[in-house]
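Multiple structures follow.
Here chain A shows up in two complexes: once beside chain B, once beside chain C.
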Partner chain A sequence: MTALDERRASPQRPRPRPAAVPAPRRRDRSLRGWVRRGGLVTLLFAAPMIFVFTVYSWWPILQSLWMSFQKTNLITYQFVGLDNFVNVLTDPVLGRAVVNTLYFALLALIFGFPLPIFMAVLMSEVKRLKGFYSALAYLPVVVPPVVAILLWQFFYKASPTGVFNTVLGWVGIPPQPWIQDAVQAMPSLVLEATWAGAGGSIIIYLAALLSVPPELYDAAEVDGASIWHKIWHVTLPQLRGVIFIMLILQVIATAQVFLEPFLFTGGGPNNSTVTVLLLIYRYAFENSLGGKYGEATALSVMLALFLAAASFLYFKATQKWSTD
Partner chain B sequence: MKGKTMKSPTKVIAIAAAFATVASLAACSGGGASDGKIELRVATFPPGADQAAYDAFATQEAQFEKKYPNIDIIGVEYEWEGPTFTAQLAAGSLPDVFTVPFTDAKTLLENGQLADVTEEIEKLGYADKFNPIILDAVKDADGHLFGFPRQAYALGLQYNRDLFEQAGLDPNSPPTTWDEVREYAKQIAEKTGKAGYATMTQNNTGGWQLTAQAASRGGFLQSDDGTTSTIANDGVKATLQFFHDLRWEDHSMGDNFLLDWGSINQEFAAGNIGMYTSGSDLYTALVRDFSLDPAVYGLTTIPMEDGGKVLGGGDIAVLPPSLDDATKDAAVKWVDWYYMQKLLNEDAAAADAKALADSGQAVGTPVLPVLDQATYEESLTWIEPYVNVPREQMQGFIDHIFEQTPVGEPKSHTQEIYALLDPVVQAVLTDENADIDALLAQADTDAQALLG
Partner chain C sequence: MSTTLKVPRPRGRRPAESREPDVERGILSLHDRRRRPVRAGQVASHVFLMVGLVVVGLGPLLWLGKAAISTTQDTIQQPFALWPSGIDWANLEQAWVEVEVGKYFFNTIALAAGQWVIGLIVATTGAYVLSILRPAYARVLEAAVLATLFVPSVVLLVPLFITVARPAFGPSLLNTFLGVWLPTAANAFNIIVVKRFFDSLPREVFEAARTDGAGPVRMFVSLVLPMSKPIVGVVSVFIIIASLKDYLWPKLVLPDPAVQPLGVRLPNIQSQTELDVTLAALAISTIIPVVLFLLFQRVFLRGAGLGGAVKG
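Take a look at the complex of A and B:
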């Protein structure tokens, strides 16, 4: 207890109460006390970061929120109320973009999400060359995404001499159109995205696996559990906190998928790979004179709100399960 | 101790604040000439242009400054790109002289983003020398002029002479009807395994090329005043049917249907495409940027049917409206000297061609004259000694382009209409059962919604 606290507390109270509870609250009220305890220094250290975030992150966010109610070509601004939102919601391509984005997310969830968990568990069982396998799994992450996509464009060549089609030819499967076909394009993009993203997830799961107490496996073994029993009853329950976080991160990432459709197909063929983010890009930049910045920001705001709400609900719904 | 630590953050703030103030002041005080010369910032080349282009520009800059010693030319890298352009326009960092394509000039002048140069053009004395169709792109409703059309192109049929030979076709007799194009494409595909014919499909270029090929069949996308969509016409339908037949019956369009201006050029330069339509001035870019072997290049006119017209385009040298009188005067001098005199004046034309040829740039690529045909043809004789492109391989185009009637791109919402048509072209090329009538009806409704 400080001298100041004693002076304030002692005259009124016959029995001094433990100072730990009320004291911090009182100290907060005094500016001098706050300064003396280092509050100012903390603020000073944080100030550059706060400044940078304000200028380059929060301020643009607020500006874009404001822009979603305006019609603008970045030179003239005109308040149009909810017109941009109405325009976006009545755009026939929006439905297509939402369905495509959900389809991408679903495919990525079914094929892309379990794969890194499976690979990580498998790799954690490997006794030799563990570092080598980790490096191998992480390699695609090191390749710059644009380079990776250009490379895969080459693999996806639809002619019989394309890399994948040559491989398929060895086992008697006829050449596939890959990204040149409205039906196959989206799964092809998911395949590349899975390849490109799995490495990062594997490393995170591998790290999480290290925190599983080995005694649990020993106990399970004593109980006669098979390897699959151990994975199902020990590994996965121990990993679930990480799995939940990875799941929500993946959902957010896939809802914002842009690079693959932008570089592989430009949203084609026939809009079969237009995603919400690509639509935002098109609103803003399709016309060389811009002009639809209002619609672009309106759709961005809607996407952000949707993702925020979805994340909140997801955490609420799974809070109990993930922390038990 | 505490007293000391209290002081040092204050000092830190003071120093940081002083530093920030100084830095911002320094940033504000950049630029500005002090020797009495007028500084004129002019657009030069896109970022990444080769050194030869800069060498040629430096020569011309020196020549201009010698003639006008009170003007200091500052070359600024510049590229017509939607996002960058809008940002530069908003930030006021555009050069004092820059170029914009015909398609966007109307919107810019209607928005009041270009300077009125009617008086200046009249004073220079060549207002009535311009090709009237081209001058229309820079004219407002009252007949005021907002720019100097500086170069134009017509769409032409590009072809690979090497693939023609491999397929047993005579590269000196390129096809003259759409039926022949189909026939030739089929033969190329069968004999060489390459795409006999290809068309752009992405990033608004699908709509652009559909517009061009439909125009050659007499089909136009809008009424003359740009208020009514006429997309679902016979010319557009015939073009899509042509794509369908080549793709699904003849299998002569290869296997890549996600092509834009850059990627189709790349495929063509790599010898994977027999024929496609693009601008008549493409040779320069194909050789300089896509490493095309000049010997395999061929260019002819697009076949015309049923009152068809040839789609043209080009760009215009313009000034922002915010220039003060002295700078505007200097800017007009530059435009006249750098862009216009080489079209009008023998000495200027020869000097320009020499500067380009000396630094290995293409001279003599076929264009659509922005001035009248007589002046254009005369200008060709001035530069003859410096022509370094194989004009004999472009004979089909050179001989017949003046028999064709040029037409401008759709007037209203051009890029957005093109964007609407990209998926239509893609649908026909990737879905054998695509319903062309239904696709066009939908595109027509969407386009009419844009036109209002």
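Take a look at the complex of A and C:
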């Protein structure tokens, strides 16, 4: 404020500024000066963050780059060049895992992607009970995934008295094998994952719907738009930013799918649900001959490059579309 | 979905909504709402949402609650019948005492509590440095923290496990809660959410406090923290729910059953115990997150719905 006043006054009465203000004391560049200016306290405030990120984020990241070229039993390390990558890429299960992961991602897009948008649009238009519906929709999201999967594993029991087979029996459909069948296993996993995840997406879309400017609907009505026209030409285009972001987030999440195949089927039957992350886990932690940590890291690095590209897209998209 | 970045925006029912429907209109206009087919559609939507969400959202949990106090025979043979051979309360006691669910339950709480405290300390102090204190190295720090958002946790699985199991200095953190608490505190997402909130606090207050001679510590404790209750609530929910939902990392770091949380134990319990007791254990481990959700519903939904957007 004062600086501004002075500047405004200066045209009329130019004042030699250095003379009016006492010469500033020279900034003490010594360690004691730094401490006195609060530098040490600031550093102490930053210390927890610096510590956990250095030790548990940056160090492992660098280590993973280094380890993917090593053969190790965690005690001795031996440089093996690109052997780990070659071993991983020539592993016959890898192709299976990649295809399965893509299949999971595709099914998750079909089952799980349009549904939350539809639900959110519907929920945003009913005026009463919105909070109650949101809470119900979000409830599965807070259930720990382990509980959800073990529970659904029981629901998927293949006997005619299994929970889902009982329901199918009500409408005259014969009992299904669900997760015990190589064809049905993956869709069953995706069904559970959709149940567990849709609520979160619904809430995000609901929030996004609030930010659609009402004037756009007014304008559309002036032009004689019907309800469907408004949804198709106003609502969905206004949501496209969020929809794209959710798409990328879902790709990132499904590329890392692990818990469903791990707990539901262990990758079976007949490797029909082995995913990339499950393969990484098997290399490192489920090997009777000792962990293939190098192979696990090499595959992690390759997956990470793909995911980093997706995350980068996500980041760019959020920057571009979050200008509301 | 954990990498969603959110911009805080107050949400909730506005009182003006009912009085001036034009202000808060959606796809349907007032005129639309008066039309008969639309009204019928509204009723149909309510029925669809009510039935659908109760069956899909609440149904499995209600079923789990029922099965937790049913006999194994009933659950297997007539999964939808309500206690044909009576309520079996003994399941819960058996699970709690014989299967030692009580012990694992305590581990779960201890794990979540520690993760909450450490996570909050790191997120608030870190954001305080990046947003308000802003030393010369703040830009570098911020970039280093932000960059970890692009590194998916998968890559870190093996090297992080090695870092925790065989650290370069100090003892191994295997089978200690610190092995879970510290790595999960390195969460860039939480720091950025808090930082965005701090960025929106009025600078004048801090200038005034500085002029009055308040040091960084004083400012943090008596200004910044009291002003940031809403965001601390949201981040608390993020951390605690993440802790309760986590499985793989605690499973790797805590191989000793004595220190494992209930979630990690459940698959073992399932393979070693009778079905009715297993279902009782599943029900018990659902209680904490569901009760937390019911108590702090608005914080949960605010946290979940804050947009899915990062402002760069």
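Descriptive notes on the structure:
Rule of thumb we're sticking to: the second predicted complex is superposed on the first by the 259 of 324 C-alpha atoms of A that agree within 3 Å, B and C clash if a C-alpha of one lies under 4 Å from a C-alpha of the other, contacts with A are read in each partner's own complex, and residues count from 1 in each chain.
Just so it is clear, contacts are C-beta pairs under 8 Å (C-beta built on N, C-alpha and C of every residue); 3 or more make two chains touch, one makes a residue touch a chain.
Every value quoted in this text rests on a predicted model; they were computed, and no experiment measured them.
In the superposed model, A:74 lies in contact with both chain B and chain C. In the overlay built on the shared chain, the residue A:256 is in contact with chain C alone; chain B does not reach it. In the superposition on chain A, A:174 makes contact with neither chain B nor chain C.
Taking chain B and chain C in turn and counting the residues of chain A each one touches, the greater count comes from C. Touch criterion met: A:56 reaches chain C, while chain B stays clear of it.
Shared-chain residue A:35: touches chain B; no touch with chain C.
Of the two partner chains, chain B is the only one touched by A:158; chain C is not.
By the touch criterion defined above, A:285 lies against chain B and chain C together after alignment on the C-alpha atoms of chain A. Of the two partner chains placed by superposition, A:224 touches none, neither chain B nor chain C. Within chain A, the residues touched by chain B in the first complex and by chain C in the second are 41, 74, 159, 284-285.
Listing the residues of chain A that touch chain B in their complex gives 35-36, 40-41, 44, 73-76, 92, 157-159, 177, 179-182, 264-266, 268-271, 282, 284-290. Looking at the complex, you find that chain C touches chain A at residues 1, 3-5, 7, 9, 11, 13, 22-29, 31-32, 38, 42, 45-46, 48-50, 53-54, 56-58, 60-61, 63-64, 76-80, 121-122, 125-126, 128-129, 133, 135, 141, 144-145, 148-167, 182-183, 185-186, 188, 191, 215-217, 220, 241, 244-245, 247-248, 252, 263-264, 266-267, 270, 275, 278-279, 282, 285-286, 289-290, 292-293, 297, 300-301, 304-312. Against chain A, the residues of chain B that register as touching in their complex are 2, 5-6, 9, 12-13, 80-83, 85-87, 89-90, 101, 103-104, 107-108, 111, 113, 201-204, 254-258, 260, 413, 415-416, 419, 422-424, 426-427, 429-431, 434, 446. Here chain A touches chain C in the complex through residues 38-39, 41-43, 45-46, 48-50, 52-53, 55-61, 63-64, 67, 74, 119, 121-126, 128-129, 131, 133-148, 150-152, 154-155, 159, 161-163, 166, 195, 197, 199-201, 203-204, 206-212, 214, 217-218, 221, 227, 230-231, 234-235, 241-242, 245-246, 249, 252-253, 256, 258-259, 262-263, 277, 280-281, 284-285, 293, 296-297, 300-301, 303-304, 307-308, 311-312, 314-315, 318-319, 321-322, going by the rule given at the top.
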